[in-house]
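First subunit A sits with subunit B, and in the next complex the same chain sits with subunit C.
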Partner chain A sequence: MQLTHLITQSIVACTVATLAVAKESFDEELVLKSLADGKLFTHFQFTTRLDYEPSGDALFSHYGLFPKAIGQIIQRYGARELHLTFTQGRWNYEDWGYPIAQSAGTGVELWAWMYRTESIEPNWKALTNALSGLFCASLNFIDETITSRPRMSFRPEGFYNEQADPMHERQDDPSDDSELRYGSLPHESVCTENLTPWIKLLPCKAKAGVSTLLNAHKLYDTNFHSMAIHVRPVCKDVDCNQKQLELVQTVTSVFDPVRVTARREWSFQSLFDRKIERSCAVASLSRVLVLLPTITEDNAWQIFPSADDSMMYKVGEETRQVAVYDLAKVHVPFDLQMIWQEHIFLFPLQPSFPPFFAHRYFTGYGQERGGLTVNIVNQNPNETVPVIYFDSIPWYLKLYLHTLKVSVTWGQDVRQDDLIKQTYYQPAVDRSRPSVLEMWLTLPPNSVTTVSIEFDKVFLKYTEHRPDANRGFDVG
Partner chain B sequence: MSPLLYIPAFAIRLALFHIPAIAETLASRVEIVTPITSYKRLTEGLYLFESHVPPYDGGVFHQSPIFLALFQLLNFLPSITVPILYALTDITIAYLLTEITTKKQAIYGVKPKLEVEKGAKGIEPWVVGALYLFNPLSILSCVSKSTLIFTNASIVLAVYYALQGEKSLGMFWVAMASYLSFYPAMLVAPIILIILNWGANGSTILKKDIVLHCVLLYATWLAALLFLSYQLVGSWDFMGATYGVIIFLSDLTPNVGLFWYFFIEMFDQFRPFFLVVFQLHAFIFAAPLSIKLSEHPIFVTFMLCGIMGIFKSYPSIGDAALYLAFLPIHDELLKYMRYGFLTANLFLYASTLGPIFWHLWIYAGSGNANFFYAITLVYNIGQILLLVDVMYAMLRRSFDVEHPESLGKEVVQK
Partner chain C sequence: MPSTRPTPPCLLLLLFVACALTFLCLPSFATPSTPTADVVDGFFSRGGHTNNWAVLVCTSRFWFNYRHIANTLSMYRTVKRLGIPDSNIILMLADDVACNPRNKFPATVFNNAARLLDLYGENVEVDYRGYEVTVENFIRMLTGELRRWVSYLVGCVKVQRLGTPAKLSSIMKLHPQTPSQPPLGRVSPDTPRSKRLLTDDRSNIFIYMTGHGGNEFLKFQDAEEISAYDLADAFEQMWEKRSQHYVQPDILAQYPFHGEQSAGGEFLFEVVLSRLLSLSITFAPQHHTDFDIGVAVIDSYTYYNLEFLENIDMSSNATLKQLVCIRFMRSHELSLPMKPPALTNSPFRSRSLIPMTPSRSAVSPESATTSLSGHWIRWVGWESGPGHKLTLRT
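Presenting the complex of A and B:
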């Protein structure tokens, strides 16, 4: 016990020492929100920022809060920006609305802006392999047969976007010095062996602060969970004189308290089987936020302990309250509890469709050919919505671009040319690259737009089938 | 006789083209269309080409650039033009076969004959045309819009012009056929033999010079076609996407041939070796046949077309339709054939069970790849048996013609 204490002290001492040199900061937040169908949305977000010069060489030889493992990987392999998500389950837009953080597809999704050098291809390969080792995931399977380079769908989120002020003339276009690489493994199952190395990147690990609640047994017993890390360069000021490297780590889960108790009530203890014992000492900001539902007659609730601080946020027309708990000030052990005045939760029979959502599904039967259909719904009554549809299809589905049809099934009668602003298509090459389809669509108000395309299923060599061939292939 | 023959053939084809359920089903059957002759893939290639996406930079389109030019042109015309083009091509093939038969009968008329053949009339030339036009295989292949029909037409045109003594045109059409589907390159030898034996009547030029001239013509035409293609698409990518796929078999879609199953199951380290073996095997018959049967070059063409139809990497029933059309030209051999009943049954058996086993494997899921492969083996055994039988008939008849005294004598092997 004493030994642990000693080590903790020395770690704190080290951290303080480097803080003075490297100028780092660390924030942590937990956001909770009750969803319309009784589920509970929890979102952990940990942000580490480091002042740096992108060209600086010995950047990560001394490190404090910013994890050395990530820093060295992105520096060694020339990644300007890195986004990696591990997701299991499907985000249910009909019932849950939009997620707070960027939503990702099932499995593993990785995209990075890589500095354009001669060794960009080996760098990307090395990056996927390094991340594969770091997160105990099969990221090394993101090879050239899966990697794509979308043209329209992704924008760098780094400093240049920060100053996307139209008054500012962009100094240099980010696409000048870096290229996008994108790969996804929809088959990958995400589990505790991915979470453990992810937690190790945090300065307080799972010992203090909101990260205490990251209990793998509970997090993976949920309807949806998504774990992500995003590394990007950001600006500290408007003119971008000071640059920072930002690492955002998030864990998003959708719990189902109704499944256990038939009521919506929850507490940290019931959700995570843990309480927050102490706050993280190195965090400059350590908070728990609860987005409070509006109180109506049949929707009365109470929250314990009551918040000493609260904020307001706007959703469309109405304003809602947010309870804010600063972990530096709360009484420990801290257990938050929310109780509804209801005997049993009545499931809402009317789904609350968000204004804009999409469905993708396969058509056809047999092992020879099939089709892919996407319905994109725009429920906005009077606004045209521009969207970019991006799909990267593995080579073993041979797409026929001439069968691509875009039509509006209800709403106004619109010509195909008015719907599609721009299309980028890269046909697949057998055993070496995927098909990439990107379309810039303008969805008319209050309409369902259907995109469909036909494909042939390629006959594979016996070695090219995945293990458990009868399960089929996942197409992300 | 001819119009009476062509009008119903033309009408059947157009009628089938206008029943979408039939035309679309045929266009997607693996027995009829292959990755290198599929009209759907051609449409895709054309679409990519017109959308300024390089059509050969992808895994879908494996057909010659000249099709892009031809069908781009046809796109400006009403949509009925394409079925008419296909039907007319088939009619042309039948007409040329009739002409070839007439010419062949004139040539063989002065050759030594068997006693029983004297006074007997050979097959009516129009029957040869009719046998092609009303062969279900050629009708199905035509209605599927398989681009193989253009290769078949080129081969028939080459034989026709070679018989006319038109060296340049004859070699052009062989070059065209080899340009379209690579394997007909082996037909250079029999076509030159036709020109040499019967085409160059009364000429004083040395035989060696004629051969050299023909080979040069072939090389020039082929180079010209390839260069024209390069000009059309602006890169040499098409070489890999067309001939590369035919040679290296990168698309393993099943067909009626022998390659796909082997190369799906093959251990990777043996792949290059067996590719060489399989491809060499298809070509290896060209030289011995041309040497042994140099007096019967049309027959050599028939044999080589048959071998192509069995041993090429992406065969379809359209290949069988072509060599089966050449068979009745040599009607004098039919009386020597021994396995007619067996061969006919094997063909019928395969054509009934082929689609059934395909359905069991791909759609019902109650069968597997072995079912379909087994039935393609039966089909190929039928074809091989037919070729062996015809070859035997040819050799036996030649022997009998040369040794009329041995007829009716017993042969004892010691």
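Presenting the complex of A and C:
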């Protein structure tokens, strides 16, 4: 026993020594927030940072917390930034407002800033294949026929964060040394086999800390779930003397406690079927945040245990409270519980529309022709909102640019002549690249702007149909 | 303390091979006769077999084929439990039933209406899924790799293994940019390790396929078929490339749900049998239905396989013969139209001695006429019965 203890101690000592050299850090957070329609938003975020020099060759020979699998992939294939999301369900903007983290489309989305070299195309292909193997997903289907290179919609989030304004002029473009590649698979399913390798990237796996709560059976029994990894180079200080590589892993879910109990109350046990048994020892920050609603007469709630610490955050004009639980200090096993003083939950009659949202749908009928329409709503009564609309349409929908119409279909006293500030359109090439449409629109206050375009459905060879051809194709 | 050392992992595959060695006279495979080749061959044969691999394939798409996914995952669980790691398992699932919106129990797959064991669990790695499960990918995966030692050894032996010097040089020319990596065969150079069958010439491979099929073919996703000859050819090539030691394919051809009368299963071919220790092709009707999930959850073939396999562990001395006998007896007593014990075969055994063909009369009633409730009643009856006395038929 004693020997084991000694060995354990020496292993711990070695680990600590390694960590000190490698200069890595790991933070983990869980954010919970009750939504207006009784659902519960949960957001896990794990951040690993590694001090590095982008030009260093032996970057991932020594590592402690940063997952080697990711490090080697981005180094080998020259990816400067990498963003990968796995999502099922649709974020319901009308009832849930805006998500805390960046929202993602259904299925799989992958975009990366690749270093501009001669082998950028093979590198992108190899990157999708490597990620496909790592995350058990069919990412290798992101080939040149669905890869696009949007010009306006994405900006590097790395070293030049302060310049990452999409409306910035192109001569200051920080992305001189890299190019964007974007691909999405809207029909890709997301399940335990994707979460399994994702969890294996975490230093504490699902054994300690907030990651204990990542129970696949519960996470996939939700109205919306999105799992993501974001890798990007960041600066440690303002002058950017020390660069860091940052890996952010997130799991976002929208639970529905009302479905089960007709009440909004929740606890870790009821949501995840687990409690936090111990904190993650290598995490420099390990905490649970609950964004608390305001207490009103018909919205009285209690939270157990009460938080030792709290912060304030602002929502528009209002200031609200956040309960903060530091997992290094709480009593384990830690179970958080929130209850409302209500017999059953009464759904709000009015949806809480956010100031700005969009709705995209197909028009037409039959197997020959069709159309695509997007309604973009700006409910802001006074302000003009600049937006960039990006769409990547597969080659088998042959778009007709002359049918592209942009107009304000609802709104009063609106000038229609300066709606479009800039447009980028790349026509498709059959069986080799998709159509790409990007538009920088200026939405007038309190208006609905409609973008529509017509297309022909290309006659496909029989081998180009999927095995479940009856289902059709998913488009973005 | 060599005497207390734990028994080396005796895997499912190893088990099959060992049993074949016990019960049959296993001849060694023919090798080229040049002296150099013999020396090299001797060197590589010294260690016996090196590793175990499993290729588990569900070729059926759509929710009502839930049981095929459950079959495959049952075997996945079993081979993992018996010691084959995820890195040595190629799991191909043509559809996602676990997170299918129709699944009342998200992220789970059950193989029994009692729902005691979630096959999907917390740790599953699916290597090929959805649209990736195609005949082309399957055959490329099986035959894709030229063996490492073949490529690394420079000399006449290597050239002989590959056939001609010209062929080797053309392979090296194809991938000049990666001289340090083994030459790649039929999979893309970008294919990740998890999608490659990285066997060597002393590997044992267990192949399990389930799906709908018919006489000499197995359907992939209702869109294409693999024929017995394709499969035989793939095995033949694996043998030529020495990418496996022995192959133990356990191939389950599941006939269409509503029982077309084409059943017969002449899934037999000379080339495969000449290279394999055993081959079993089985007509397997669904075993029972879970009415909460709403579909059949397992086939009888896999059900009886598991009944046996769940009771063995890595130290078991059970043999393949016991498995096939018990599997047969169980199904026979229940009058299920399962074929006779699948027949261990050796390269030199006469093909005529292997009764591989299920009788037509046994196939048609089950596949064509039995309703779901019929299966259910049968299953319940078996569960509540006093327990059959098992006798070994010889």
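In this text, the second predicted complex is superposed on the first by the 443 of 476 C-alpha atoms of A that agree within 3 Å, B and C clash if a C-alpha of one lies under 4 Å from a C-alpha of the other, contacts with A are read in each partner's own complex, and residues count from 1 in each chain.
Just so we're on the same page, a contact is a pair of C-beta atoms (placed from the backbone, for glycine too) under 8 Å apart; a residue touches a chain by one contact, two chains touch by 3 or more.
The structure presented is a predicted model; accordingly, all values stated were derived computationally and were not measured.
Novice: Based on the superposition on subunit A, does the combination of subunit B and subunit C result in a clash or a fit?
Specialist: fit
Novice: Where does A:427 make contact in the superposed view: on subunit B (first), on subunit C (second), on both, or on neither?
Specialist: The answer is first: A:427 touches subunit B but not subunit C.
Novice: Is A:347 touching anything from subunit B or subunit C once the two structures are fitted on A? First, second, both or neither.
Specialist: neither
Novice: In the overlaid three-chain picture, which partner chain does A:367 touch, first (subunit B) or second (subunit C), both, or neither?
Specialist: Touch partner of A:367: subunit B, not subunit C.
Novice: Go through the superposed model and pick first if A:402 touches only subunit B, second if only subunit C, both, or neither.
Specialist: first
Novice: Touch test for A:461: subunit B only (first), subunit C only (second), both, or neither?
Specialist: A:461 sits against subunit B, while subunit C stays out of touch.
Novice: Look at the superposition and give the distance in whole angstrom between the closest pair of CA atoms, one from subunit B and one from subunit C.
Specialist: The answer is 13 Å, the least C-alpha separation in the overlay.
Novice: For subunit A, what residues appear in both contact lists, the one with subunit B and the one with subunit C?
Specialist: The answer is that subunit A has no such residue.
Novice: How about subunit A: which of its residues touch subunit B in the complex?
Specialist: Residues 365-369, 395, 398-402, 425-431, 456, 458-463 of subunit A touch subunit B in their complex.
Novice: Please name which positions on subunit B make contact with subunit A in the complex.
Specialist: Touch residues, subunit B against subunit A: 28, 40, 43-44, 46-48, 51, 53, 57-60, 250-254, 260, 263-266, 268, 361-363, 365.
Novice: Over in the complex, which subunit C residues touch subunit A? Could you list them?
Specialist: On the subunit C side, the touching residues are 61-62, 94, 96, 98-100, 105-108, 118, 120-127, 129-132, 188, 190-195, 220-224.
Novice: Which stretch or stretches of subunit A touch subunit C in the complex?
Specialist: Contacts found on subunit A: 88, 125-126, 129-130, 132-134, 136-138, 140-141, 188-193, 196-197, 206, 215-217, 219-221, 466-468.
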